[in-house]
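In this document, chain identifiers A, B, C and D correspond to the written order of the chains, with residue numbering beginning at 1 in each.
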Amino acid sequence: MVTAGIVGGTGYTGVELLRLLARHPHVRLHAITSRGEAGTPVADLFPSLRGAVDLAFVDPGEATLERCDVVFFATPNGICMQQVRPLLAAGVRVIDLAADFRIRDVATWETWYKMKHACPDLVADAVYGLPEMYRSRVRTSRLVANPGCYPTSVQLGFLPLIEAGAVDPDHLIADAKSGVSGAGRKAEVHTLFSEAADNFKAYGVPGHRHLPEIAQGLSAMAGRVVMPVFVPHLTPMIRGIHATLYARLIRPVDLQALYEQRFASEPFVDILPAGSHPDTRSVRGANTCRIAVHQLRGGETVVILSVIDNLVKGAAGQAVQNMNIMFDLPETAGLEGLALLP
Amino acid sequence: MVTAGIVGGTGYTGVELLRLLARHPHVRLHAITSRGEAGTPVADLFPSLRGAVDLAFVDPGEATLERCDVVFFATPNGICMQQVRPLLAAGVRVIDLAADFRIRDVATWETWYKMKHACPDLVADAVYGLPEMYRSRVRTSRLVANPGCYPTSVQLGFLPLIEAGAVDPDHLIADAKSGVSGAGRKAEVHTLFSEAADNFKAYGVPGHRHLPEIAQGLSAMAGRVVMPVFVPHLTPMIRGIHATLYARLIRPVDLQALYEQRFASEPFVDILPAGSHPDTRSVRGANTCRIAVHQLRGGETVVILSVIDNLVKGAAGQAVQNMNIMFDLPETAGLEGLALLP
Amino acid sequence: MVTAGIVGGTGYTGVELLRLLARHPHVRLHAITSRGEAGTPVADLFPSLRGAVDLAFVDPGEATLERCDVVFFATPNGICMQQVRPLLAAGVRVIDLAADFRIRDVATWETWYKMKHACPDLVADAVYGLPEMYRSRVRTSRLVANPGCYPTSVQLGFLPLIEAGAVDPDHLIADAKSGVSGAGRKAEVHTLFSEAADNFKAYGVPGHRHLPEIAQGLSAMAGRVVMPVFVPHLTPMIRGIHATLYARLIRPVDLQALYEQRFASEPFVDILPAGSHPDTRSVRGANTCRIAVHQLRGGETVVILSVIDNLVKGAAGQAVQNMNIMFDLPETAGLEGLALLP
Amino acid sequence: MVTAGIVGGTGYTGVELLRLLARHPHVRLHAITSRGEAGTPVADLFPSLRGAVDLAFVDPGEATLERCDVVFFATPNGICMQQVRPLLAAGVRVIDLAADFRIRDVATWETWYKMKHACPDLVADAVYGLPEMYRSRVRTSRLVANPGCYPTSVQLGFLPLIEAGAVDPDHLIADAKSGVSGAGRKAEVHTLFSEAADNFKAYGVPGHRHLPEIAQGLSAMAGRVVMPVFVPHLTPMIRGIHATLYARLIRPVDLQALYEQRFASEPFVDILPAGSHPDTRSVRGANTCRIAVHQLRGGETVVILSVIDNLVKGAAGQAVQNMNIMFDLPETAGLEGLALLP
């Protein structure tokens, strides 16, 4: 059994981690911390976990996290980098669901996240936890930077095209739509039901923090600098990301075969039959990324449709997948649950 | 033209007042106050008003509200009672959309609202602004307590039955369901989209502030103390209240005729044909209360279905209706807009 | 392994059965029938099942259902009674998720369901599959009538009160609210998104088919005829039923203890702490019924709040629970999945 | 007063026309036809119109539409072309809200709409009713082809850029998202609440009927053939279209000034301040198109955000606007209603 701890279990990625880990056959939950809710039984805050999670939130100072095999940080940006060093020193392996270790260039990170990085020396050490790109490095990593939700859907969608050198890397567009849970469980006016329901809008067009993360990933695939156009939108659903990706072919290629082959052995990437349109609910609650590939008439333009559940493959599920890889567990352990439809 | 001011225009009742007053043929908007947003153009906060409202929010201290004919308080509870006295002294007539003057018994008010009343002497002076009960008193009032949203739907639904002495006043049940906008535009976790969407729950079963208001109204109708059972619920829609009312007949009565006659001359109460089930969207954006009456087989139990838009007949629309009455304008002026369906 | 077949797998109860059975550790899916979709891979119709269900729909005539240990009917009312006899003759055990065998009085059934019963002799034989009432009879039954969704939530909510003789059985009210999936996957105008979203309404106030089923169940608990008032409502969410139940106490009783004791050994009924308000999402996708008990001030009136997922404890999950009981499997097998929140 | 008739008033564009025309100061409703609902009072089908529309649906054969000044066709595609000739002969002016007369090339129309055109000679005669492009021709037209919803949002969004020759017309992308009411009030599985709620998907990527209409409009602006990439999506809201448009600048231009000047005298196009993100609810129920313009860092790529209410500026509202122009009424008559927010 792997002994696991969670720092910051009161947000949506936290409760999603709890949902998955509470039923994971090889995991024992050791502690869940929360400064604000210390002492409160977890199931009081999240009645969906009644009968399955008996722990109460504990103050970070009393959590004895150093006794864990793995600690997940389901915290706001900037927390993990403050607390990770003693855990690593104690031999604990760490998976950060926030952004502290996602960007390899510290200056870029500091610009976008508007704070000084607390441990730039660890950034180079961290592995970006997108298993479809970095599985072998994840396996041996002691510090995994779990990818963002938009970056997961966009990178998986572009991956075969860019790796194959089939598209013009200077003209990539990612038009992405997210459910509201992507904004977290913070009390804010713009994510109130009466603001976000029956409404649709773009946001962050001049710049969004996931852009440098996406650009870094696509650049790694391409072996050169790639800076896509990225426009996120808020759509009135709870979970789900739908990325609509546009690229221009620079040589003939059998797109369907390219995608099917690239992901043939991936347990959590599903290439739909040609002509399909994935809907986000087909992955609601599941750790799957479903992708459909379209080549438009005339043929130059490729449209890729990529969907994930932002809280699962886009956050907690991918974190569990990374843990499975790190501890040589079956990669699908605890992640077999099927999507809830309808 | 009636010169109108609004105190606290940044919440949902505020923006709804603006939507209605901006197109009211007999009203000139003089000022809208907000401490937090002073200087911000109203249309920056509410782009739906672009081109229709040119005012900016002003600090309460600079609003010269004493020059208005009428001032609406679209504020949290406890504000109007602090500010109303100088306005009344200046001859301004006041409509409070909050609860400060709704409960005639000051001790009861202080118990439920958990504060000391700032001007108990004015409470007796205030008129409860439910035109279907108190139209003539509203006409001459200088201080109108605009009813709450639940109380409007419940009182109008029970009114004919209780006035006619047709039901047992000791066994009244109001099972009411509200859209989320009833909770206002405050940043709170429980009204986030991801908390309130695709979800349904009761709340406040042990006690809700609208209970004493409803009880006061029903008691006035009955001429004796009436204390109904009241259970509010939160339903995942933006606007709308649906009250399902249960009562027990104590004498035979033609219910359909009773309701049609009682409201025959009311411009904003619509009795549906026998056997109907009103939906909340049939009043979305409109100042109408639609009611259907059902007598169950066997005959003793009456089920009344009463729907309103909580922001219109349940708040801003009823306030405008009261203003129209107070200033001898046509009662429907500015309130002719039809419900938005679908 | 239990070999299972499904008749009529294209509706919501069908796909929910598939979701649960595909991951059930003791079940092998033998066949899924559909006249209209024969030949179509199940995962083409329901992409959420891709990779987990490899079967295609087969024509009922070619399904060799007689080789199954158990057959589920996820069909419209009136189908099971036409097809059940040869299956029973072949020794197959049958669970009908429709209403054909729920009502013991055939004349009552024919009145409400507006058709002639095809095998009234089997009605007496069938066991009503509410395990919390009839577990031992379910165990040995060859034909289980799986309860309706509203009846499950209402009966479980009233059960301890009525069994204990604590309330007046002549004054029971069930005000119930259902998500739209309860209406099934039929193309109908009133359940279109643009009709049902951002809207709330009652329906069936003069009479609903679940009323005789509820009345039969409550009568069995009380040992006398009980005819409650039942008002169903449609609420804009996909899954979930919230029943708000009103009853009048006729003797003092410790309600919280009564409920906790009655369901102490039930794996799928969860009594919340006193003062709670369950939300439907706390059981979204799970086979749990969560109940909260409130005694109002003054004390005579009891308000019970009972929530289920209409497709799980209200349909497919309860059917799997019944199957587990019938085949001496652990009652929770295949039903351990936690609710999806948010 | 203009005497107006509506053919096919039972769909969403029909009821929206009724909402607008019932309160239009210069219009008298003469007749509303429906084969299926003949004899039914309009307000029975649409209770939102109770008290405002007293007409009943009449059979098309008895509607005496030739006595109207204007007839609106709110019918499926292919109906208007069958019935328009005698109306025109009687001097009635016609506005078709369907697609029969939108595409000037009859062969193209027949390919996309999969039927033979019934009166190709009238196609050349018809005027495409996008007032921002063809106001003067609308004024004198006897047959107006009211634009589609997607085409309205996309064409208005691209108009200034293409007219000014500022972008490469070979690389235009329109990623558009529509509320579900765009699919109409037909009973279909894919637009059921339980299918479309809490879900997001693209559709029609290989080809959508609005593509040739958009291409025709952009080509007219550019003076050459333009074939954009167009990907429509279904988003879980009732009303609203959000078009996210991508183009590549080929010369420096002050985008904000370009847009503000182009639409300076347009009553129903609102250019937001630089840096804005319009939300669809800001036009819910209103005839306004709100547009924001973004030039991305680096500068080559332009992102235009354009929102409309698909049933108003995208259908019934634009039809009323065209009627106002045709009959020399104030262009905003009957269209002053403000958006419903929240």
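Keep this in mind: a contact is a pair of C-beta atoms (placed from the backbone, for glycine too) under 8 Å apart; a residue touches a chain by one contact, two chains touch by 3 or more.
Everything quoted here is computed from the prediction, not taken from an experiment.
Note on connectivity: the fewest steps through touching chains from subunit B to subunit D is 1. When chain centres are set by their Cα atoms, the one at the greatest distance from subunit B is A. Centre-to-centre separation of subunit A and subunit C, using mean CA positions: 36 Å. Centre-to-centre separation between subunit A and subunit B, using Cα means, comes to 45 Å. The centroid of the Cα atoms in subunit A and the matching centroid in subunit D are 39 Å apart. Across the assembly, subunit B contributes 12, 179, 181, 185, 194-195, 197-198, 236-239, 278-279, 281, 284, 342 as residues in contact with two or more other chains.
Taken chain by chain, the contacts link every pair, so each chain touches all the others. Of all the residues in subunit D, the ones that touch subunit B in their complex are 12, 15, 19, 22-23, 46-52, 181, 185, 197-198, 238-239, 270, 272, 276, 278-279, 281-286, 290, 311, 336-342. Remark: subunit B residues 171, 173, 175, 177, 179, 194-195, 197-203, 205-207, 227, 229, 231, 233, 235-240, 242, 244, 246, 275, 277-281, 284, 294, 296-298, 301, 303, 305, 307, 342 touch subunit C in the complex.
Listed in rising order, the residues of subunit C touching subunit D in the complex are 12, 179-181, 183, 185-189, 191-198, 236-238.
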